[in-house]
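Sharing a structure, written as C-alpha cells. Questions coming.
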Amino acid sequence: MSMSWLITTLVAASFSSQLAYAYDLDPLQDICVAVNDSKASVFLNGKVCKDPKLAKADDFFFSGLNVSGNAMPNSGFAANVVDVNTMPGLNTLGISIIRVDFEPGVLVPLHTHPRATELITILDGTFYAGFLAPDAANVFKSRLFSKILNPGDVFVIPQGLIHFQYNVGHKNATLLASFNSQNPGVVTIPNSIFASDPPILDDVLVKGFQLDKKVIKQLRKKFS
Amino acid sequence: MSMSWLITTLVAASFSSQLAYAYDLDPLQDICVAVNDSKASVFLNGKVCKDPKLAKADDFFFSGLNVSGNAMPNSGFAANVVDVNTMPGLNTLGISIIRVDFEPGVLVPLHTHPRATELITILDGTFYAGFLAPDAANVFKSRLFSKILNPGDVFVIPQGLIHFQYNVGHKNATLLASFNSQNPGVVTIPNSIFASDPPILDDVLVKGFQLDKKVIKQLRKKFS
Amino acid sequence: MSMSWLITTLVAASFSSQLAYAYDLDPLQDICVAVNDSKASVFLNGKVCKDPKLAKADDFFFSGLNVSGNAMPNSGFAANVVDVNTMPGLNTLGISIIRVDFEPGVLVPLHTHPRATELITILDGTFYAGFLAPDAANVFKSRLFSKILNPGDVFVIPQGLIHFQYNVGHKNATLLASFNSQNPGVVTIPNSIFASDPPILDDVLVKGFQLDKKVIKQLRKKFS
Amino acid sequence: MSMSWLITTLVAASFSSQLAYAYDLDPLQDICVAVNDSKASVFLNGKVCKDPKLAKADDFFFSGLNVSGNAMPNSGFAANVVDVNTMPGLNTLGISIIRVDFEPGVLVPLHTHPRATELITILDGTFYAGFLAPDAANVFKSRLFSKILNPGDVFVIPQGLIHFQYNVGHKNATLLASFNSQNPGVVTIPNSIFASDPPILDDVLVKGFQLDKKVIKQLRKKFS
Amino acid sequence: MSMSWLITTLVAASFSSQLAYAYDLDPLQDICVAVNDSKASVFLNGKVCKDPKLAKADDFFFSGLNVSGNAMPNSGFAANVVDVNTMPGLNTLGISIIRVDFEPGVLVPLHTHPRATELITILDGTFYAGFLAPDAANVFKSRLFSKILNPGDVFVIPQGLIHFQYNVGHKNATLLASFNSQNPGVVTIPNSIFASDPPILDDVLVKGFQLDKKVIKQLRKKFS
Amino acid sequence: MSMSWLITTLVAASFSSQLAYAYDLDPLQDICVAVNDSKASVFLNGKVCKDPKLAKADDFFFSGLNVSGNAMPNSGFAANVVDVNTMPGLNTLGISIIRVDFEPGVLVPLHTHPRATELITILDGTFYAGFLAPDAANVFKSRLFSKILNPGDVFVIPQGLIHFQYNVGHKNATLLASFNSQNPGVVTIPNSIFASDPPILDDVLVKGFQLDKKVIKQLRKKFS
C-alpha cells in the first residue's frame, strides 16, 4: 500500500540528516531554491525546490569565504564549502566554490572529482599542484602536468583526473576552487582505498599496490 | 611533422582574426587543448584541439589574477579574464573565471550572460549586487533579489537573468566571478541597445523605453 | 519530523497557484504527462508526471491557435500560449509554441528568452524584427541583425540574445513563435528593470542608463 | 595514405550537394552560421561555422512559408522546409520548422523522427493525426493517441514515436510542424522498409509482417 | 486542496504496478538507487532514489544472464532484461543490457529504440541483422546496412533507426544487447501498428501500406 | 578562399598520427562514421565523419569478441576493445564494449573511468569485484560495494568511482564490460601515480600514502 511506503520513507528520512544531491543540468526555470531541510524525505537526482514565491535574496547568498573554514581534524587543512547545502539557491545552477586553507607543508592527497572540472585560483602562499592524464597508448602510464603556483595563478584540472595540491611554502596557503557542478563529488584516493567500510580484500591491495600484506595492514591503520 | 601543420593552419588563418568559440559540453577526452592562434581558420561550435602529445602544463595555467586587468577606457573598471583564449587547456572543460576591479562608485551596468550561471566572490570593498527574476504571473514585472556584499560574501546569478554589480564603497573593490561555461557570453543591456551597429530603428527605442526621440538620440550619443 | 515538513509543504502549496516548471532535457520515457493541478505541492526541476495509464489524447492537444489570445491590458498585443501549463503532455518534450497578435504600430519591447532559441513565422501583416549579437571585441557594443518580415517569412533569434518584434504595418499583424523549450522564460527588458519589486537602487539606473534621477523616476512610473 | 583519403573526400564532396548535419546541443557562442557550401569537404557532428564577422541578417532569414513547397512526385503532398540547409544561421540553435500541404485524402504515412519532438499546428483543413506509445507491459502492443484536428489545433508527437497525419477533409489542408532539432531526421516506415537499397531479405519481411512472399514482392514494387 | 491531490495520487498509485522511468542524464551524485516499489506513487522523469545510506551491494547486482529469460508466448524468443527495474542501482547511470535467445528461424521483427543506441554481441548461433538509414536525398528511400553475424561479432544500431535480428541458423542463437540508456524504449513496428489500442483508422493503414482493407483486417487479426 | 584552406589542411594532415577522440553526445544525424585514418590531422572534441555516402556495413561491425585479445605484457590479462578506433561507425553513438580475459589470480588494479558508467557481465570464471562510493559525511572515508561474481552475473560501477575486478578462481575468467561512452577513459590508479612521466614529487607520495621515501622509490621501480 502506497501510504505505508510514504510512511516508511518518512521514518527513514527522519534518521537521515543529509540529502545533498544536486542537478548539473541546465536550469529549467529561472530559480529553483532547494528545500534544504535535513528531514525532507524524498531523494531525487537533485533536490526539490521550494515554492518560488517564497524565495528570498538570502537563498542566493553565502557569507564567510574571506576566512578559513573549520579545520578537518589531523589534516592540516580546512575547507569552507559553498554548495547547494550551504546556499540553497544553487540548486539546478550547475556551479559551486570552495575555499581551502593549508598549514605549511600540508598536502591534499591525490583525489578526483567524478562529476566536475576544477579551476583553482591561488589567494595566498605557494603551491605545487598537478594532475595526471592517462597515456592513450599505455593504460599503465600517465603524464604529469604540474606547476608551482603563487598568488594570482590559476590552474585547471579536467573532470575525473587524479590531482593534488601541496603547500610547499613556509606559511599558510589558501586557494579558491570553482567547480562546474553543484555536487562535484570527491574521491580521496589513498584514504578511500585504505579506509573503506567494509575493507577491500587484502589481496586486491597487495597485488594492486605491489606491497607486502604487512605494509597494507599498516596503511589501513594509518588511514582509518 | 606537426609544426608544418601548425604553419599551414596559421597561413590559412591569416585572413581570419578571431575564433573565440568554446564548448560547454562534457569533456570527451582527458585533455583537448585549444589551438588558440587568432589566425586559425576553422570556426566550429567550440575550438579545434592541438595534438594531445604537444600539450604542456602551461596550457592549463594562467598567471596574474592577483592584480587588476587592463582598465576599459572610461569605464572605471578593469577585467582580467581567464577563458579558453587566455588558457587554452580550458577547451571542452566548461568553466572560466574573471577578476573585476571597480573604482569607487563604479557600476557594471545591467547585463546578462546568455550561456552560464555566474557565482561571484567578493575579495575587497563593498558591493550592491542583484538580479531580476521574471514574475511568472506578469511578464511585465520582475522580482529583485539583491544584497550588500562585503569581502567573503558569495552571490549567485542564474543563467540568462539581468543583473548588476555596483561598488557602493569609498575605495576600490574587487570580485571574482566564476562561470560554468568556457564562453558565457555577455550582453551589456543599455550599451548594446544604444550603441548597436547598425542602430535599431528609433521607434523601437522610443516605444520600448517610453522616452522622447530626443532623449533616445542623446542616449545613442552617450553610449557610442 | 518529516511529516511536519510534508504538511508544511502541503499548506504552502495550497496558496500557490502555479508550478510551471518544465524539463528541456531529452524525454526519458515515451510519455510523461504533467500533473497540472495548481494545488500540487511538490516543486521540481520540471513537473511531476501523471500515471501513464491515465494519459489521454487530450493531454497532447490544444485548441484555439487560429484566433488571438486574450489581450494584455494596455499593451496592444495578445498572446496565445501553448506550453506545459496549457498542454500537459508537453512535459519533458522540450518544445512550445505561442501566437502573438499585434495592433498596428505595436511593439513587443526588447526582451530575451534565457533558456531557448525562438523561431518566428509571420502569419499576417508586416514586422520589423531584429536581435543584437554582442561584439566579441567590445562588450559595450553589439551588432544588429534585423529584417522587415512579411507573411511566410521566418526569422530565428539565438538563445538569450536581446530582440524585438514591431508591427510596422497599418493593420493587425500576427506571428507564431516556436521555442526549443517547454519553459523558455521571458525577460522584458525595460519593464522588468523599471518595474521590479522591490525597485533597483536609483543610482544603478542613473549610472547604467546615463539618465537623470528625474527621468528614472518618470520611467518607473510609466512602467509600473 | 591520408592524402588520398582527403582527395577522395574532396572529390566525393564536389558531387555532394547536401551536408545537412546539425547540432542540437546548446549553442556555444552567440551565433555560428553554417558554411553551407555544397563543396565543403569536412563532415562533422554538425556543421562548420563561417567567420562570425561575415554573418548577415539574411543568414537568419527564410522567405516563402506562406506558400506550398514543391510537391513530391506522386505523393499528393508538398513540403517547405526551414532547416540549417535553407537557413544557415540555424546551425547550433536546435530548432527547425516545416510547412506541409496535403491534397484531399492524402496521408503522410507512418513515420518517426529519431532525434526530435514534433509540434504540429493546423493552418487549414481537417486532419486525423495520431501517435503510438508502446505498451510498457507488452512490447507487441501499443496505445494510439489520436485526434481530429481543425485550424488552430495543436498536437504534439514525442521523440521517436510512430505517427501519421491524414487529410480527412474534402479540400487541401496545411500544417506547420516545429521540431526541437536542426536535423530531426525522418524514417518513413512502409517506404523505407519496402524500398531499401539493398533490399531486406524476403524472410525478414514475410515473417515480420506475416504476409506471403508474393505480397511482399508486390509491396516492394509499389514502394520502389 | 493539496491533501486530496496527494491522496488521489496515492490511490491511483495503488493500482499501478510499474514506474519504470529512468534518467539518462549524467549521474548527479555517486549513487542513487531506485525505490523500486511498484506501489510508489510519484511519477517523475526518472525514478526516486532511496536513502543512500540504505544502498547495498545487491542494488548494483543482477544474477542469471547466463541463461535464457522467460520465453514470450508464441514468439520463439526469450528476453532476460537488466534495467532499472531489475537492478535498481542503475538509476541515473544511463546504461542497460539484455540477453535475447532465439529458436531456429526466429526473427525479432523490425523495431526501433527511441532513446538509445544498441550494441549487439553474438554469443551463440548465426544471425542476419541490419538497420535502415534514411536516404537524405529522398525521404521515401533508405539504405540497408546488414551483416551475417557469428559468435564474437559485434554490430551497432544508431539511436532511433529501424532494425531487425534474425536467427538464420539451424540451432538456438543468443545475443547480448547493450544500450546507452536505462530505458531505451522499444517500438515493435508491425505489431504496434496492427495491434494498437484503439486501432488506427483503416484508411491510414490501407493508404500507408498500399494494401487492401481486407489484408489490413487480416493483419490486425494476426497481430492482436 | 576555401580551397586554400582545404589544401593547407591536406598538407597538415599528412604528418599527424592519431585522432582518437570521440563524442558522447547524442548522435546528431543518422550515421557519422569516423574517419579513422591515423594520419588525419584535425583534432576535435570527437572525430570527423566520412562522407555518409561512403559508409558501409563493415563500418558498424567488429569481429572477434569471442576470443581473447592480445595479452598485455606481464599483466596476466588481455583486452579486446570495441571502440570508435576499431569500429568507426560508433562515432557519435555514445557506447562501447570490451572483453577482458584474466589468468587465475589476476587483478585489474584499482582504476576509474572518468567519462562513463561500466556494466560488467561475467562470461566465465569467478570474480571478486567492487567499487568505492565516497562517504558524504567524511571525504576521507568510503563505502565498499562488492560481490563475488559468477557466470551470468551483472554488476554496475557508477561513472568516475574507483573499482577493481579480480579473478579469484583457479582458472581463466572472462568478462564483458559495456560503457555508455565511446571513449570512457581509464585511470589506473597505482600505476598512473607511480609511473607518471615526469614523476610526481616524492613528498606528495610520501605524505599522501604515508609511506617512507624508500618505499615510494621501490614502488616507482615496480610500476615503471
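We call the chains A, B, C, D, E and F, going by the order they appear; numbering starts again at 1 in every chain.
As a convention for this text, contacts are C-beta pairs under 8 Å (C-beta built on N, C-alpha and C of every residue); 3 or more make two chains touch, one makes a residue touch a chain.
For each chain, UniProt lists the protein as follows: A, B, C, D, E, F = Germin-like protein.
Note that the coordinates shown come from a computational prediction; the quantities given were computed from them, not determined experimentally.
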item	value
Same or different residue numbers at the chain A (Germin-like protein)/chain F (Germin-like protein) copy interface, by half rule	same
Equivalent-chain rotation between chain E (Germin-like protein) and chain D (Germin-like protein), CA atoms, steps of 5 degrees	180
Furthest chain, CA centroid comparison against chain D (Germin-like protein)	A
CA centroid of chain A (Germin-like protein) to CA centroid of chain D (Germin-like protein), Å	45
Distance from chain E (Germin-like protein) to chain C (Germin-like protein) - Cα centre to Cα centre, in angstrom	37
CA centroid of chain A (Germin-like protein) to CA centroid of chain B (Germin-like protein), Å	27
Interface hub residues of chain D (Germin-like protein), defined as touching at least two other chains	20, 23, 25-27, 30, 44, 46, 52, 114-115, 130, 134, 136, 146, 158-159, 161, 185
Chain C (Germin-like protein) partner contacts - residues on chain D (Germin-like protein) that touch it in the complex	26-27, 30-31, 52, 55-58, 60-67, 82, 87, 89-90, 93-97, 117, 119, 121-122, 130-131, 133-134, 136, 145-147, 151-159, 161, 176, 178-181
Residues of chain E (Germin-like protein) that touch chain D (Germin-like protein) when the two form their complex	18, 20, 72, 75, 107, 109-110, 112-115, 128, 130, 132, 134-137, 139-144, 146, 158-162, 164, 166, 185-193, 195-201, 203-204, 207-211, 215, 219, 222-223
